[in-house]
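Below, chain A partners chain B and then partners chain C, in two separate complexes.
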Partner chain A sequence: MSSPVLPPQRTPEPAAVADWSPVARGSHVNQTPEQREAAVKAAAAARRSKRRARLLPHWLVIPAVAILAVGTGYPTLWQLWTSLHEYGLRQQFGQPAPFVWFANYTQLLSDSQFWAVLIRSLVFCFVAASITLLIGIAFAVLMSHVGKGPRLTLQIALLLAWSMPIVASMTVWTWLFDRRRGVVNYVLDMIPGVAMNRYNWLEDPLSFFAVAAIIVIWMSVPFVAFSIYAGLTQIPEEVMEASALDGASGSQRLRLIILPMIKPVIAIVMLLQVIWDLRVFAQIRLLQDAGSSATDYDLLGTYIFKLGTGAQNFAGASAASVMVLLITITISWWYVRKLLREDAS
Partner chain B sequence: MKTGLQRHTLNLVAITLALIWVFPVYWMLNSAMLPNRTLQSFTPTFVPFGGSFRNFRSAISDGSFASALGMSISITLIVVFFCLVFAFLGALAISRFRFKGRKSFLIAVLLIQMLPAEALFIAQYKMMTSLGLLNSIIGVSIIYIAAVVPFTVWMLRGFVAGIPAELEEAAMVDGLSRVQAFMRITFPLLAPGLVASGVYAFLQAWNEFTVALILLPEESSRTLPLWLRGFVQASATRETDWGEVMAASTLVAVPVIIFFLIVQGRMTAGLVSGAVKG
Partner chain C sequence: MKKKLSAVAAATAAALVLAGCTSGDTNESVDPSEDASAAAGANITLWLMGGDTPEALREYLRTEYADATGGTLTIEEQGWGDALSSLTTALPDSDNTPDVVEIGNTWSPTFTTVGAFSDISDMYQELGGDSLLQSFVEVGKVDGANYAMPYYFGSRYNFYRKDIYEAAGVAVPTTLGEFSEAAAALTTSSMSGFYIGGSDWRNGISWIFANGGELAEVQDGQWVSTLSSPNSVKGLEMLQDLYSTSSLAPATESDSTPWVNINDNESTGAPEAATIIAPSWASCCIGDPIELEDGGVGTQWNDDVFGVFVLPGVNGGAAPVFAGGSNIAISAASKNQEAARVLMRIIFSETYQTMLAENGLGPANLDYTAALGDNQFAAALIASAADSKLTPAAPGWAAVEGSGLLEEFFGKVAAGGDVATLAAEYDALINPLLNG
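Moving on, here comes the complex of A and B:
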């Protein structure tokens, strides 16, 4: 993969070229003009078809490249450009947008509200992703230790949760956490000594984000559990048997054999989870519908959304978006490199 | 080895966890079929199914359901079709040819699929506004196709690479043209891959909320997820009719659940070896 590899068409001489080459190289003296013209034409045709074959893969990727350029490339460039200019309400009405270097970034970074949102997003992402991962691993290990019936039951339950569209699950969860008729308060209230009747979960930012985290974890655990379970089933039976014969205890086997063998899967799943939990716009936005949409309840996605569409501060929104892009690319670079290596082999 | 008691305990734990995890889905279906009078009580009705479809009828008869369904179907069909064509051609190029720019193309594809919609939607909003494509099927479809193509290219690449080129060559030796060989030999073998990619594109386009929210602000151009959100909001202005809201959620969710269960296995494999948008 390090150097561009030659297309397969180039190595063997195409038949047309072989037929024609002795004529071209040798005695064109005793050729009629017609013959010569025919030879030249054949040569041109051969060259053309060779070039066409070489260009074929480029033609094949053109549609994909074009749509990516329009849908992703242009917006990214626009965002970079806008984040370096003054671009607010006045520019909406045709005023020129002066170049301001990194003023938008410094303004954002000196804003305590942005810092609060950024830190909140990172903490939310870290907490949700690690709990998801722990539960997912526990589920996977559990699946490999129970009978077929319970395992299938658990798998079907996880699949159903996984397949729910975000908006539909958010609606159900909003109802489960409804302060008056929600099941959560009803069940908690049954515990002696706990008075949760009419407790408003979405009022306090902390419990708002706790609810958001529970929902996000509920949605994400199935993917983690299935991926890691798939990794567990890859461990050869003989290895486990041999270690049991050698007297390894259950916890030793988990620590010394199972975990090292599924480490690559865990790494990938963890990385994807971190990236996904950084972008929980839909969940937060829909939870804000049921609760409050003040800035205290914002994560990066909803913050950028309000900055752009609400305050019409496109320069600030672009600068914040560029920062999110940079964070995402930094985190995913390792993963992309790994996939490229897989492609090369 | 494990004792019988231990095994029973683990089985019990697994089943309890399964019940907890599936409860929200069950709750949606159950409440969708219960009359509002029952749901207004402060004691939840856990069993049994109400067996009434009145809530579904009133959700469907909501004025904008039909137009939202139409929007969702049109956008989904456009996205699935173009996504399959573009991704298939791209996958063919990267798995059958080594060409200049191949590596850059791969890096672009892999990086783009990691990018969050939240980091681009302001720019996409501005772009579509200036093109006059706000509230249009075309505008939102362009963004969706661009978002889904990277993963489908990567997924199909695996399928194309799994079919040996020698099969095609053998058919060509037997007198078929390159196109004929491709259509008769390779294409049928690719069908499962195309189905899986198509369903993936369907799920993404059908469920998408974030980009739709920003590119389809007008009420008449809502897709189903936006319609569901509007339905909940409208219901909340009165006393929320949870039965109807759950019926509406069920209507949006059921096609997805069915398709998802069909291709789940293949997608999990693809997710781990490739990557995906969440």
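Moving on, here comes the complex of A and C:
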């Protein structure tokens, strides 16, 4: 939540440097005093407007920083404060909240349920994010290889999936997987030798999370596909032609040329996807409404929600949220450093 | 999903209404007779839980309140599922709190012990005194002072398919053991003899109660979860057995809308269940399919096909079922205390109490139960309510319900887990929540 890194104020001003450059000095030898005065004035005006131009981004960034500070900074600080106090329903109704150091954290870390949920969430997020990425890359490559008509069709379909409100699409998804009247069971049941009539997808935690992963992947593939497609369009034609002339096969080109060139895009998309899938809440919550909200079906988001608004243990929920924040920062940190290193090389 | 959507809509509506709400008269008044004048013109908000209160009753409250004060009464409906979190966030905030609020009866201790409601002991006699349903009055008390009053009570009894029972030659059971046998005999591969969701603890606890068990008890001044007591385990094993032989419902299903299973399924023309247990007002939605005026499909009760009976006890009679119902209270943070008291008087008036009873809701004031009528539903309601039980009046009970631990525990029992082991495990999880 720190403010973005601002460029240092005291860099030498390009206009001033220009004044002392040999060309500038040489030119003003032949100037009349009037011309010189006019030139100096113009240079000063240019400096002023340049300085203003350099200050402008700082002014423009203020609203964003202010919104972040109020919208995210304040709740984060409040969450840190709450996580170090005893804070339940009594405190919500105005009774004093005793400071308890890290009691909420130690309680959480010694709870086997929390560890189970944490590990489940990490596995879920990496599996879902990886599959999303693979399918997204496949769609992007497909889009760059088909004609305009099929590509537009594909893009419109992806956009529709992307822009669908979560509650609306979740309604359809839970209907699809409904045990009694769902299309999925109906179709699978028609395959000879497969008995899926009334199979309850949401009863076993493993199939519950398989369904959840399918939904989450379906919702996030469009973003990945479009980002990577945008990256693919930036690969110069000449490089591809040259490699084709050198006799590289299609899969060799994909593996040795295309993927390395769009690696930065893939890395940032994977980072975003991991963070999103770690924090996934609405899809799981809505699927729990159709199935079960027992702890075996929880990921971090729903676990924290249940701990806080359900069991009214606001302090414990805050502590859990702070830990999720730390995990997110750790994952991002690793990625951001990797990205920076690659940029530098 | 529909429930979720309407909750979202209600929350949105609430935000809109609250934004336009004027803060009323803040004068403190102790003398009840001054309330009406002090409340003149005050606009207040009433939160009702779920759709249990019919529209005609809501309209009556709005009209009467406007007549009494000249102000506007806004009624906002909260979905049961999200109500706890809405209450937790809205009640402490004097700018956003509802002035009068209906709460699940079992949540009363949680909110009264933290001081969420105003002390209305001085109104107790005026609102009905000893004629009020005492178990609900008790659950709304702290240190002898009244904070939450009964709003209405319901009960749970069985609805069954007369046609299916007759065709199979099964008689209506009179003991809990016979009930299990009858349900098992009626079960086929596509129809449950007794449809009960595995995680449906609100109905499942009847088996604990019927076998003399309790959910929690006070031991040495502290609330202790007693799922693993011998009697509770006995009841849970009976329920587990019943579930495995007679219910095709998923172990993960809670008590959402069990009555859809006893009506004929639109696609198969046969019901999913021969017997269900449901709150008394579910009779609204059970019956033969009929076409409604707006083209939709409704139901019409048919005495030849459907019947009701009270869940029998272990040795006959009625089993103690969960005493459903609501309490009602004034938010301590409300700026319109006087106006809220005016509304409370309207709610506890003879007319309104009678209207509740006429709509199948057990009236808070037992003087008016006659208005429930003498049909089979009223008879089953009164018979099942007579032995009904409340969940423990522990300060942390709402947290126990909110945590979802009971759904989880009953689901695991239904899935075939070892009852004694699970009960001990969940006792340990529930204990820290019980004492608030």
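By definition in this document, the second predicted complex is superposed on the first by the 255 of 345 C-alpha atoms of A that agree within 3 Å, B and C clash if a C-alpha of one lies under 4 Å from a C-alpha of the other, contacts with A are read in each partner's own complex, and residues count from 1 in each chain.
Following the convention adopted for this analysis, contacts are C-beta pairs under 8 Å (C-beta built on N, C-alpha and C of every residue); 3 or more make two chains touch, one makes a residue touch a chain.
Only a predicted model underlies this, so the values are computations on that prediction, with no experimental measurement involved.
Peer 1: In the overlaid three-chain picture, which partner chain does A:99 touch, first (chain B) or second (chain C), both, or neither?
Peer 2: neither
Peer 1: With both complexes overlaid on chain A, does A:171 touch chain B (first), chain C (second), both or neither?
Peer 2: In the superposition, A:171 contacts both chain B and chain C.
Peer 1: Quick one: is A:115 in contact with chain B, with chain C, with both, or with neither? Answer first, second, both or neither.
Peer 2: neither
Peer 1: Between chain B (first) and chain C (second), which does A:334 come into contact with in this model arrangement: first, second, both, or neither?
Peer 2: neither
Peer 1: Can A:268 be said to touch chain B (first), chain C (second), both, or neither?
Peer 2: first
Peer 1: For A:126, select first, second, both or neither according to whether it touches chain B, chain C, the two together, or no partner.
Peer 2: neither
Peer 1: Tell me which touches more residues of chain A here: chain C or chain B.
Peer 2: Touching more residues of chain A than the other partner does is B.
Peer 1: For chain A, which residues belong to both interfaces, chain B and chain C?
Peer 2: Shared contact residues on chain A: 167, 171, 174, 181, 286, 289-290, 307, 309.
Peer 1: Applying the document's contact rule, which stretches of chain C touch chain A when the two form their complex?
Peer 2: Chain C residues touching chain A: 1, 4-5, 8, 84-85, 88, 91-92, 110-111, 114-116, 199, 248, 250-254, 267, 398-400, 402-404, 407-408, 411-412, 433, 436.
Peer 1: So in the complex, the part of chain B that touches chain A is made up of which residues?
Peer 2: 7, 10-11, 13-15, 17-19, 21-22, 24-25, 27-28, 31, 39-44, 82, 85-87, 89-90, 92-94, 96-103, 105-112, 114-127, 142-143, 145-147, 149-150, 153-154, 157, 206-207, 209-210, 213-214, 225, 228-229, 232-233, 236, 240, 242, 245-246, 248-250, 252-253, 256-257, 260-261, 264, 268-269, 271-276, 278
Peer 1: Which chain A residues qualify as touching chain C in the complex?
Peer 2: Chain A reaches chain C through residues 88-90, 92-95, 167, 170-171, 174, 179, 181, 198, 200, 202-203, 286, 289-297, 306-307, 309-313.
Peer 1: Note which residues of chain A are touching chain B in the complex, please.
Peer 2: Against chain B, chain A makes touches at 1, 4-8, 54, 56-58, 60-61, 63-65, 67-68, 70-72, 74-76, 78-79, 82, 139, 142-143, 145-147, 149-151, 153-154, 156-169, 171-176, 178, 180-181, 183, 186, 218, 221-223, 226-227, 230-231, 265, 268-269, 272, 275-276, 278-279, 281-282, 285-286, 289-290, 300-301, 304-305, 307-309, 314, 317-318, 321-322, 324-325, 328-329, 332, 335-336, 339-340, 342-343.
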